[in-house]
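These are the structures, in structure tokens.
Shared chain: subunit A. Partners: subunit B in the first complex, subunit C in the second.
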Partner chain A sequence: MNKTLKKIIVTALLTAPFAFGSYFVTGLFSWRSDGLLQPISVLAVWLFINTMLFITLFTGKTDKVRAILFITMAIAFPIGFILQLFELRGHFMTAVMSDVISGNVPFCHIVIPQTIIPAVFTKQIVFPGTMDLGFQHSASFMIIFWLGVSLFIGKGWCSWTCFYGGWEDGCSRLSRKARIKLNPKLVWGAVAVLLLVILTTIETASPTYCLWLCPFKACSEFFEVASPLLAVQTVIFIVLFIGLVIILPFLSKKRVQCMVLCPFGAFQSAVDKINPFDIRIDKTKCLKCKKCIKECPVMAISEASLEKGKMGFSCMKCGKCVDICPGKAAHFHIKGTPVGGAFARVARTIFLYLAFTIFAGIGAGIISSALYRILLLITTGSMLTQ
Partner chain B sequence: MNRKLSITIKALLGILWTTVFAVGGMMLFMGNRVLAQSLLIDNNVQIISKYTGGETSYEKDKGGYLMVVREPVRDGVFNKTKKSFVQVDWFAKESLPGELGGSIDIDSDGRDDLLVDIDIKNNKVTYEVYGSNIEGLASRSAVTDYIFKRDEDGKDALYHYRNRSYGGIVYKEGISVRIIIQ
Partner chain C sequence: MNNLILGLSSGIACLSYCVPVILPFYLARGNRVGKNFSDLLLFMSGRLAGYLLFGIAAFFTGRFLLENNPYRGYLLGGTYIIFSIFLILEFFRKRTCTARKLEAVRGKLKVRGLLFPLLLGFLTGINLCPTFMLAFTEASSMNNLLECLWFFFLFFVGTTVYFVPIPLLGLLRNREGVRIVGRFLLVLVGIWFIYKGIMLILASGGII
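Up next is the complex of A and B:
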């Protein structure tokens, strides 16, 4: 049998269990719409995800396939999200106090580090919204979902699950060459922001990151600009989005917002300690070319970390270093197992299954929701369902 | 030999760790609703009262709609602030009348503390204060903090919404005001 054909069959066999599982995870079997547009959207996304898994297993390349999924999710997110909220509230891209009081504010994962201490000690979630299980963006749903993702892939959330991260991942890929070099110490910025927002949230009983620092208001929703204070906050959100999510990633080829500002990313780095997956360097194979140091989008690799064969705390398991290493020294790794060899292939395959399962759970919903709205626009002239 | 055994044991523990976490994660995804109920909702983890309006103090059926007076909310996680607010809601299963309101006993002491008249059509609320501890109505203009108003004409004080769940029932129309108290 031809070697390529054999590889295709093996890859197809490896993809098949996921295809079966993702049939249920994507909700392909349980659409509620009377028309065909929703099932067509879900089916298209199901095919898309399974094709991507097949490609990544077949080629052995992780990061490029991941980036396609990740960036698609980030672009799709505002389309479905904004329109869904518009239908729920009746106003576009703004949250007003009536929405806060009535609990129609989606709970965002970035809020989790700020809310966890008050939730543990006082049983209060310092964020508007609802615990109502019927609301798919409820705090209760998101907290349990976050726990599940943390067990599956840990800090891998930031490169496989975050529906915002694709914006700066995409912008960091637009230029061929980095035009500016960032100081690696900047990775501590997110840790400082994390500590700051935890303390200020406890002190003010308000989610201070969301009120003052979140750049992703620009692709979700702003507060209604009803006072000078809210006008200032809105300007800050826009400036941070343009600066940290678009311009600096484009110039530096790094995910600047994730490294410097995101408190969730810093928090997830700590949570990642309990996760069995990490990326390791096989020191016996390392050519010391430092290509991984240069290319890592979150500056997780330094000469010191190369010496140890371990990544820095900002590593989000995107797999870029694994793909580009000329000596094949970087590997996906299960803690406790030997680095490289057959163990690395097994570790990568299991990691991919878990990461793709999460993507089928959240990313598929986001992309199919956007695709559904686009198909609605084409067929009815409106993106609204009501 | 010992080194080989140690490597094998470590590898097996690593694979066991991965298996336990994969199964655990899958259980969290599949049992999201059940776990959210048992871990969070049954343990009384709630959205902070500052945003929801607080626990119900008492309800009054006004014939066609429901008036709900809440407990005073003193913002703070570990500390409680001196200034607080009381939220009053009016919920209707279908639609609220064009005008509503009346005397309200904020602190449940049997004496009315405030007279509120709400003109829903014109998005306007006027009020008269009887209780000495009442400062006025909170403005709707700020999400971060509540701007305290003493104006008689509290047109910015009205929070108007639709499809609000309260006590397990979805009300099609709702109105709330927040009354600032000392």
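Up next is the complex of A and C:
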């Protein structure tokens, strides 16, 4: 049998269990709709995700395929989300600040550290997230989902699950080479932001990150600009989005917002200890070319970490270093097992199954919702269902 | 809660700069963990005494300057902003710890035994850093002495959290990272207090 054909069959067999599982995870089996557009959208996304897994397993390359999925999800998110808000409220802006504090807005994962840590000290939930956009937008769903994902892929959330991260991942790939070099110490910025956000949230009993620092307001929902203070906050959101999510990633080829600002990312770095996967360098194969140090989008690799064969705390398991390493020294790794060889292939395959399943669980709904709106626009001339 | 925030923000920086001096002093003498803790306890008692002394001073300053003062909001807001700017400037300054200076003169002072950790703690406790002055400003706006003392006690608790594991040595594994986070936090807390100062001034002027 032709070697390529044999590889295709083996890859198809490896993809098949995921195809079966994702049939349930994406909700394809349970659609209830009078029209055809929704099932077509979900089916298309199911095929898309499965094709991507097939390509990842077939080529042995992880990062580029992951980026396609990740960026697609980030672009799709505002399309589905903003229109859904528009249908519910009649506009996409949060009416007043008290809406946020009373939880009358959807819950997002970035709020998790400033919800659960202050809750431990104050017995108060500052961001209940109870808006009627379904269970998947509530605090309880997001926290349960986060716990599950953290157990399976840990900090991998930031490269496989976050529905905002694709914006800067995409922007960081737009230029061919970095025009500015960032100081590696910046990776500690997000830890400082996390501490500040937790402490100020406890002090003010309000979600300070959402009120003051979230750049992704720019692609989800704004406050209604009803006072000078709200105008200042809106300017901050826009400046942070343009600066940290678009311009600096474009110039530096790094995911700047994730490294410097995102409190959830910093929190996830700490939580990462509880999951079984990490990326390791086989020191015997390392050519010391430092390509991984230069290319890592979150500056997780330094000469010191190369010496140890381990990644820094900001590693998001995107797989870029594994793909580009000329000496094939970087590997996906299950803690407690040897680095490299057959163990690495098994670790990568298991990790991909988990990461793709999690992506299917959250990303499929986001992408199919956006696709549905686009199909609606094509067929009816409007993106709204009502 | 401001007291804890200030304490925690300066505590990281204080720890990362002062530990290299305090640690050899207490731990390199080869004492057991129990003895290290008792030395640390003496040091912390000295610091607490310094903090509480400042609590009393803050109360009387507040009484003298702020009580019935029509410009109270402007005064407090302005002080917040000024000390916050100093706090942010700390980011750029090469810091040295009071303990380091004290270590240098220890031989000359010839203070030994239980008294030295206590004195060292007291003198580091009255270190006039911008964070401390911000806490002083906040406390001086309070209405009674007990409230002021409680404020400084919690400020002390915020800074102390980081010192507790010192005898266990483990915290120093990534001192560089701790120091960088501490410096970033100084800037962020500075910005937070500038915001609070501005809001206080705007509220005093009836603008918000």
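Here, the second predicted complex is superposed on the first by the 365 of 386 C-alpha atoms of A that agree within 3 Å, B and C clash if a C-alpha of one lies under 4 Å from a C-alpha of the other, contacts with A are read in each partner's own complex, and residues count from 1 in each chain.
Here is the rule we go by: contacts are C-beta pairs under 8 Å (C-beta built on N, C-alpha and C of every residue); 3 or more make two chains touch, one makes a residue touch a chain.
Since the structure is predicted, the reported quantities are computational estimates derived from the model, not experimental observations.
> Would you check which partner chain A:Leu47 touches, where first means subunit B only, second means subunit C only, and both and neither mean what they say?
Touch status of A:Leu47: no partner.
> Which partner does A:Val193 contact after superposing on A: first (subunit B), second (subunit C), both, neither?
A:Val193 contacts subunit C only, not subunit B.
> After superposition on the shared chain, which partner residues are touched by A:Lys185: those of subunit B (first), subunit C (second), both, or neither?
second
> Regarding the shared-chain residue A:Leu13, is it in contact with subunit B (first), subunit C (second), both, or neither?
A:Leu13: touches no partner chain.
> Kindly classify A:Leu384 by the partners it touches after superposition: subunit B alone (first), subunit C alone (second), both, or neither?
In the superposition, A:Leu384 touches no partner, neither subunit B nor subunit C.
> By the touch definition at the top of the document, which applies to A:Leu287: first (subunit B), second (subunit C), both, or neither?
neither
> Tell me which partner A:Ile202 touches in the superposition: subunit B (first), subunit C (second), both or neither.
A:Ile202 contacts both subunit B and subunit C.
> Using the touch definition from the top, say if A:Leu229 reaches subunit B (first), subunit C (second), both or neither.
Both partners.
> Would you mind checking which one, subunit B or subunit C, touches more residues on subunit A?
B
> Going by the contact definition given at the top, which residues of subunit A touch subunit B in one complex and subunit C in the other?
202-203, 227, 229
> Residues of subunit A touching subunit C in their complex?
Residues 185, 188-189, 191-193, 195-196, 199-200, 202-203, 227-229.
> Under the touch definition given earlier, write down the residues of subunit C that touch subunit A in their complex.
That would be residues 1-2, 4-5, 8-9, 177, 180-181, 184-185, 187-189, 192, 208 of subunit C.
> Contact residues on subunit A for subunit B in the complex?
The touching residues are 88, 90, 95-105, 118-119, 121-133, 138-141, 143-145, 147-149, 151-152, 201-203, 205-206, 211, 223-224, 226-227, 229-230, 233, 275-277, 334-338, 343, 350, 354, 357, 361.
> Quick check on the complex: what are the subunit B residues that touch subunit A?
Interface residues on subunit B, with respect to subunit A: 7, 10-15, 17-18, 21-22, 24-26, 28-29, 32-33, 35-37, 39-41, 43-53, 75-78, 87, 140-145, 147, 159-165, 174, 176.
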